[in-house]
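Read through the structures below before going on.
Next, two complexes with chain A in common: one pairs it with chain B, the other with chain C.
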Partner chain A sequence: MSISFLIIAVLIVGGTAAAMSLRNPIHCVLTLSITFAGIAALFLQLGAEFVGLTQIMVYVGAVAILAVFAIMMTQSRRGLMLGTFSRNALVGLLTAVAVFSVLGWAVLSQPAAGVTRAVSPVSVQQIGSSLMHEYVLPLELIGLLLTAALIGAIVIAMDRKEDAE
Partner chain B sequence: MTGLQACLLLSSLLFAIGLAGALTRRNAILVLIGIELMLNAANINFIAFWHYGPSTTHITGIMFAIFSISVAAAEAAVGLAIIVAAYRHSHTIDLDSMNSLKG
Partner chain C sequence: MTQTLDQVFVIFKHWLLGYVPAPVHGIASAVLSILPVMIVFPLLFAITTLLERKGLGRIQNRLGPNRTGPMGLWQPLADGIKSLTKEDIVPFTADHMVHFLAPVLLVVAAFLAYAVLPVGRNMVLVNLNAGVLFFFAVGSVVELAVFMAGWSSRSKYSMLGAMRAIAQMISYEVPLVLASVVVIMQAGSLSTVDIVERQATYTGIFPHWYVFTPWGFLGFVLFMIAATAESNRSPFDLPEGESEIIAGYYIEYSGFKFALFFLGEYLGMFATSGIAITLFLGGWSAPLSVLTSIPSWAWFFLKLLTLICIFIWVRGTLPRLRMDQLMNFAWEFILPMALFNMIVAGLWHFMHPGAVRWFVCAFLILVPMVVLSALLKRKKKLQLRTYSFAE
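Entry: the complex of A and B
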């Protein structure tokens, strides 16, 4: 565990905790992009450069912006949210604490595994050529899924004027 | 604590905070964001197991993370569209007041 890992961990956990507890949804999305950037930094530190840059482009560049747009489009006329947390928030919090206890116990009770060695950098050329050879079927399926999601999102969110009449 | 355990603990903490947000927030968009955080925790696990795994010449972990990011992006787009449609229907995204299906 290095100093940079600690800094990244503090960024990720602090950003997530702020995103899930702040009152104003816009502030939540802003702190969420800090979290996403921290996760990208973690990927870069672990030697997965392409995934880190993809993380920045997809999450900070697309998902956070989309969430801000959705928040602005659904801004209620009676001001911001009535309350931040649900009525049965305590049950949800206890569930999350229980899940974290089980996961943390499972991680820490295992004998220390994992080899530490110099990571050979994975080039983008290597990723691209295996996308075109070994993983070409998943790539096509992802293309199909993204097209279906694009059309589906437009159809779902479309304002049907003729239905309202 | 080894590096792998530190990464796994960080990702389980991220997963737990995302789960807490998804279960306790009233704003539907923030619930979706909590689910995105849980997916990101899974991505951290993929990359951590790839990094500390037996061989980094096999790039299966990286491929899995890339495909997982794509699926998460599609999920976010469709989820936010559903929230916009639900807002147009009931004029609120407060999950506590979306109770018209309640018996």
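Entry: the complex of A and C
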């Protein structure tokens, strides 16, 4: 375990813990973006440049901004202070345990668990060519889905003057 | 001799590294690479502030700074001392932690962008496989810093300024990326070093810069327009406006933190100009093959200073846009043109080299441009402006 991995791990865990325990929702998003950046750093450390940089671009640059605006526009100026502990703590605990056990089971049942294998880093060119050849149909489908979502968003946001009259 | 002069900084670094004990070699090498960036670009910022005030003064028929030192040359130093000694006022209701972190994050993100900028032959901090992507990823972090500044001040003006700035940045990030996609398509690489090396070859005495192709020229123009908007400079400096939202998202900042915002903004401008040079203007390569004896880093900084002067010139001559004009311009004109440019670049790739290809591609760019602007103009319904209260 290298020093950089330790730093990144502390950032991720600390960011997530802060995002769960802080009272101001905007602070939660800001600390969560530390987690996003940490995960991106983890990807970069593993040699997955494309995924890591896309992670920063999409999550820190777009998702965090979106979350922050969503919180700001749906709440009063002072910001609603969330309680740290939910009333449904028991349900939350059960969900957390269930998710963790499934994840743990998946990781431990892997044949190569605990064994580090050297994987040659995937270049952006390889990703691009496999997207254009092997996975062209999923790519197009995602494009279609995103376009549909975009049109839907515009339709919702459009002011309907005819309806108001 | 020219070789030595070209690589003088690289040689100097290796000479210094020779005195460093082997165990800390890696760290020392990184520090020796980062330090010049941390010194040169803030110095360039100081020079630019003076150049800008002098240039704007010249354009507006006045003298500009002329009190500090000969011809006002010490003005940046005086500005620096002033901002350092000014009281740092934090609003009582402000979110102190976020308020403190916002300018820091902005400057860190601005500096990080220089990591992939080749300022000369063999003079790049890291030759990332996805260098251009890294640049845009780091650039998108700036939006978060702007939001933090605007929100943490707990002032309506700064909040509105931040929302304007973020809306503008997000809108213009799309054409910024799309305008550079053509270069990535042609170069077949995301590494900034590779892109420069593709352009640093010559036919006769003329270089293969992408700006000399029709799609490259259009891409460069679109990129520079989007870069102006990204760096919040006039005529797109909507997040600031003395008569409406005052200083925008950093209105509640004073003293050194304000200077940090100023620094971050200018560093961002330099970095975007640097990437424009890398993508379209051949990076550190000389404009004519007979001029290659002049060191590569000198060419880079010459090009950078030229672009900075153009930025200053544009700021001094063009009136600023309104918010809706700014948004419409991005989505209705720049974005379709950038998308069309990609098709032309693809066509360019598959046509035979020669004059025919050049003219066909230029024609294919000019026609949609004229048609699109005519369509937009018709929609505008231009008429003589009537004033309600000033008759």
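Keep this in mind: the second predicted complex is superposed on the first by the 115 of 165 C-alpha atoms of A that agree within 3 Å, B and C clash if a C-alpha of one lies under 4 Å from a C-alpha of the other, contacts with A are read in each partner's own complex, and residues count from 1 in each chain.
What we mean here is this: contacts are C-beta pairs under 8 Å (C-beta built on N, C-alpha and C of every residue); 3 or more make two chains touch, one makes a residue touch a chain.
Keep in mind that this is a model prediction, so the values were computed, not measured.
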Touching partner for A:Ala157 - first (chain B), second (chain C), both, neither: first
First, second, both or neither for A:Thr54, with chain B first and chain C second: both
First (chain B), second (chain C), both or neither touched by A:Ile34: neither
First, second, both or neither for A:Phe100, with chain B first and chain C second: first
Touched partner set for A:Leu11, first chain B, second chain C, both or neither: neither
Which superposed partner A:Ile71 touches (first chain B, second chain C, both, neither): first
First, second, both or neither for A:Ser130, with chain B first and chain C second: first
Per-residue contact with chain A, leading partner among chain C and chain B: B
Footprint overlap on chain A, where chain B in one structure and chain C in the other make contact: 50, 54, 62
Of chain B, residues touching chain A in the complex: 1-10, 12-27, 29-30, 32-34, 36-37, 40, 43-44, 47-48, 50-54, 56-57, 59, 61-63, 65-67, 69-78, 80-85, 87-88, 91-96
Chain A contact footprint on chain C (complex, rising order): 95, 98, 128-130, 133-134, 136-138, 140-141, 143-144, 147-148, 151, 166, 170, 188-190
For the chain A and chain B complex, residues of the former touching the latter: 1, 5, 9, 12-13, 16-17, 19-21, 25, 28-29, 32, 35-36, 39, 42-43, 46-48, 50-51, 54-55, 58-59, 62-63, 66-67, 69-71, 73-74, 76-77, 81-87, 89, 91-93, 95-97, 99-100, 103-104, 107-108, 110, 112-116, 119-120, 122, 126-127, 130-131, 135, 138, 142, 145-146, 148-150, 152-154, 156-157, 159
Complex contacts: residues of chain A adjacent to chain C: 24, 26-27, 30, 33, 40, 49-50, 53-54, 56-57, 60-62, 64-65, 68, 72, 121, 123-125
